[in-house]
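After this come two complexes, each holding chain A, first together with chain B and then together with chain C.
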Partner chain A sequence: MISVKNLYHSYTKDEKFAVDDVSFEIAKGEIFGFLGPSGAGKSTTQGILTGLLPLQRGEVRVAGYDVKHIKRAMFNEIGMSFEQSNVYSKLTGKENLEFYRRLFDVKTREPRELLDLVGLGGKGDIKAGEYSKGMKHRLTFARSMINHPTLWFLDEPTTGLDPAIAAQIKNIIKEQNRKGVTVFLTTHNMFIADELCDRVGFIVDGKLLLVDSPKNLKLQYGEKFVEVEYLKEGGLAKESLSFVGKEDIARLKTILDHYEIQTMHTKEATLEEIFIKVTGRELV
Partner chain B sequence: MKLWYSFIKELQLSSKSWYFYIEIGMACVLLLILVFVIPAESDDKVDEYLYAGGLPRDYQELLYRGILDEEDEPIPGKRVEIEVEDDSYEALLFVTDTRNLYFVENLEAVRTLADKEGAIGIEIVTGKEGSLIYRYYLQGYESLKLKNLYRLLHNDAVNPEFIRRHLEVQTVKSLGEESLSLNNKENVLPVFLTYNGSMMGLFIIAAYIFLDKQEGIIRAYAVTTSSIWHYLLSKVGVLTVTMITTSLLIVVPLMGFEVNYLNLLALVITSAFAFSSLGLLVTTYYRNMMQSFGVFYILIVAMMVPSITYFLPGFEPRWVQWIPTYHLLEGFKDIIAGGGNGPYILKISLGFVLGGLLLFVYANHRFKKTLTLS
Partner chain C sequence: MVKKITAIFLRDMKVSLRDFIALYIIAFPLIFAVVINLFVPGINEATVSIAMLSGDDSAHIDYYRDYAQVEVFETPGEVTRRVAQRDNLVGILPENNDYYILVQGNEPEGLVDYVKTLRAYEYFGVSSADTSVEFVDFGRTIPPMKKLFVNVAIMLGSVLGGMLIALNIVEEKVDNTISAINVSPVSRIGFIIGKSIIGILVPVVGIVIMLIVTGFADVNLIQILMMLLASSIISILVGFIEGINNDDVINAAGNIKILFLPLMGSVAAAEMLADKWQKFFYWIPFYWTYKANDMILSKSGTWGEILIYTAIVIAISALVFAALAPKIRKGLEG
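Up next, the complex of A and B:
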């Protein structure tokens, strides 16, 4: 669905690349997470893929279209939900969607249905300018589905949403994906990436350092361990012990044999921990 | 169809914005000024205050008659009271075709009127051998030419009869084409149409665009199958509709059916298109109104220069004609005066269309390159 080969982009049109020799492919029906800290090159890459930024160097094909010579018909295939809500504040939620549906050449979804889907059913006739930040974000998200996209670009889709709404949004993404929609998810939230993505790519300073599934990454870079709390000399002691090292396994046996266990949890490395391990950078 | 939908949406948005109503409101204010404040014909009579109280009464009568006999018909005088701040002065007023002559009863009145009211005051006294001496109370800014003219006028060495006879045999011929004559209201109309109408598009479209930039609307529009030029042209369309509305709001009540509305609309539409396109282009270089303000300020001041030429025809250097508003003012003037110079209007309109098209195409090119990420 997406093919990127040796992509470069420089805002200053010199050798200072915001995107530096990035290559990857995304299959139809896949949820691909593009992960990295702020300023890593995520939005620039997404901007090029969606035609918002000109392609300077490299080969990019999106939904079967060559991005070097973008045809407007490409946008019938794609949906884009922006990180920062960008809706007409003087129009109502329904009017916003009614207007945008007319800008596509394909069958579009009913605004009311979309508003209901994102929990704005009763707010469709209120001006978007009077919406809260989260409501505007949901309207932007709903708008990105108006043309039944087969390729869906989502930029931080749950940022600023309360947990219940975020869960609702994640369910919509999963549901759309089940229907065959390919998702390109840009985020620095490793939990949502871990939960939703089939594969993730780590990008730092414009370079794509790694692409793999979260499961493989955990197997390759993660280390399973157990966190145990037990009573020792009248107080509470806590230890984290690996499942891999012999010493840690022996120590765990000792604790189980000689102390009263209060809590014990098995844990695996999070994507965030793996990201830090691989890139040496925090996700800020 | 997408262009139409965009245009309708822009109309809907502008009807919900202040700018639209400010424009309409301003047009109403200008109309009220034209109707109630600016007189159609100006009263360009000069008020002159003469004091000749130092002369014998009989001599005064002779002097008055002498001055008034210069007029074609005998004019009756009337007693009036002139009030200056807290003082009031008696005077005998004679109204002629060219001036209001007040013969005041004391010198203090002449001095006060010259001092407080900026009026022309004249004191007439007798000199040696009974000759008359005219003492003028001027404001100080009068030119040397005028002062010399006064000196010449009252110099006995110059024969006034000779000057009068000489003037009467002179004929004045206009070498240019027949000049268009406009009354005061009509004369101001082209200026209002140019600056509150067509040229305002330059500024207001920038306000609309920067508002959209702030809301990130253009990026959302850019990922639809509709082209950016649809978005831009629908903005220009809205501005054009606004300009047509404001222009007609001013012209129709004042001129009725006396103007060629086809020519007027051609000029309003094409100039609104050109100036809006210029505004669009400027917005591609800046992120907000504050950043672009300097450029708009320079552009607006530059566009206002031809209004100097309009009101002072003596100042018409060739470079002024390169400023588009020069032709816009002349075009509107021709239309308002009923000059019927269709080819000239067509030529100007065509110029605005071509210029506007170039600016629009370049603005569209720059928008595609720059606006989407702002």
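Up next, the complex of A and C:
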């Protein structure tokens, strides 16, 4: 669905690359997470894939179209949900969707249906300028589905949303993916990536450092831990012990034999911890 | 393509009708037409009016009727009261086998001189038959001042069309919606055409209404619309540029006023400057638009002349387009 080969991009048109020799492929029906800290090159890559930025160097094919010679018909196939909500504040939620659907050459979804889907059913006749930040974000998200996209670009789809709404959005993404929609998810939220993505790519300083499934990454880079709380000398003690090191295993046995255990949890390495381990960078 | 362009235009129209500034711009031609009708003197007010006594010699009254609009009254007191009214009217009253001219004192000098001359010619028995002057009457009843204001209003209409475009582009920028348009199947040219329509259609409708209201309904509308479309190019370009360069509606509307300077300068030059200075204004499209509109409104222009003026305006606008198009294209990349 997406093929990127040796992609470079420089805003200064010199050798300072915001995207530096990036290559990856995304199969049809896959959810691909593009993960990295701010300024890593995520949005630049996505901008090139969606035609918002010109392709300077490299080969990029999106939904069967060559991005070098972009055809407007490509946009009938794709949907784009922006990180910063961008809706017409002087139009109502419904009018925003009604207007946008007229720009497509393919069958579109009913605005009311989409508004209901993102929990804005009762707010469709209110001007978007009067919406809260979260409501605008949901309207932007809903708009990205209006043309039944087969390839869906999602830029930080749950940022700024309360947990209940974020869960609703995640469910919609899963549901769309079940219907065969390919998803390109750009985020710095590793929990969402871990939950949703079939594969993730780590990008830092414009370079794509690795691409793999969250499960493989955990197997390859993660260590399993057990966190144990026990009573010691009248107080509560807490230790985090690895399943791998012999010393840690021996220590765990000692604790189990000699102390009263209060709580004990196994803990996998998170995607965020793996990211830090692989890239040496925090996800800020 | 047409469906998408129409959708963009209708969206702009809907939003403009919800915005006070845009609404004012849309209503401007009608407001201006009413103002022109109220404050610019009509043909009757531009005519010399004289008040006389009904008891005067009928030949004496008829003489003045050949050169002025005459109102007759029964008594000198009625004539005096009529002269004292707000409008410019001069009384001619008998006194000691002669006549004297009665004025308020604030009448235009030319009006009083005209009546004095008429009285002198009457005294010496001179009539138009005694001159070698040939009178040619085109039968027009529209005063020149009104024509000038209508002409300026037509050009202002096109500039305000550009202002409407700027306001809508600013709105797109403030709401950051251009990026959403850029990931839809709408082409850049389709978007630009869709955004331009409001800047053409609103002035066209407004100006046709204004022409009807101000009494110019019988002019050649095709010629007027042709000149309007040609002069709209420059307004549309400036509208896009100001929309792209501003993040604030008031600033954009304010900056569009930059067009008022060459517009009013062209009018002043065409009306007041000697021929030798005219060439300094040839680069301004409004100069040619004003001259063409003047011909159309006075029904004195041929199709050939109007087409030449249209071609000049389009040629100048094309140069401006060549200079501004890359900036507009880049500005709409979102």
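Keep this in mind: the second predicted complex is superposed on the first by the 284 of 284 C-alpha atoms of A that agree within 3 Å, B and C clash if a C-alpha of one lies under 4 Å from a C-alpha of the other, contacts with A are read in each partner's own complex, and residues count from 1 in each chain.
Keep in mind that, in the parts below, a residue touches a chain if its C-beta (ideal position, glycine included) is under 8 Å from a C-beta of that chain, and two chains touch if they have at least 3 such contacts.
Everything numeric in this text was worked out from a predicted model, so none of it was measured.
Overlay on chain A: chain B and chain C clash in the combined arrangement.
Of the two partner chains placed by superposition, chain B and chain C are both touched by A:51. When the two complexes are overlaid on their common chain A, residue A:73 makes contact with chain B and with chain C alike.
Look at A:205: by the touch rule set out above, it reaches neither chain B nor chain C. When both complexes are overlaid on chain A, the residue A:223 reaches neither chain B nor chain C. Clashing C-alpha atoms between chain B and chain C appear in just one of the listed stretches 8-16, 62-70 or 80-88, and that stretch is 8-16. Across the two superposed structures, the residue set of chain A contacted by chain B and also by chain C is 50-52, 72-73, 75-76, 78, 80, 82, 84, 86-91, 95, 99-100, 102-105, 140, 143. Put simply, chain A touches chain C in their complex at residues 50-52, 72-73, 75-76, 78, 80, 82, 84, 86-91, 95, 99-100, 102-105, 140, 143. The part of chain B that touches chain A in the complex is made up of residues 1-2, 5-6, 9, 12-13, 16-17, 215-217, 219-227, 369, 372-373. Residues 47, 50-54, 72-73, 75-76, 78, 80, 82, 84-91, 95, 99-100, 102-105, 140, 143 of chain A are the ones touching chain B in the complex. Those residues of chain C that touch chain A in the shared complex are 3-4, 7, 11, 14-15, 18-19, 171, 174-177, 179-187, 333-334.
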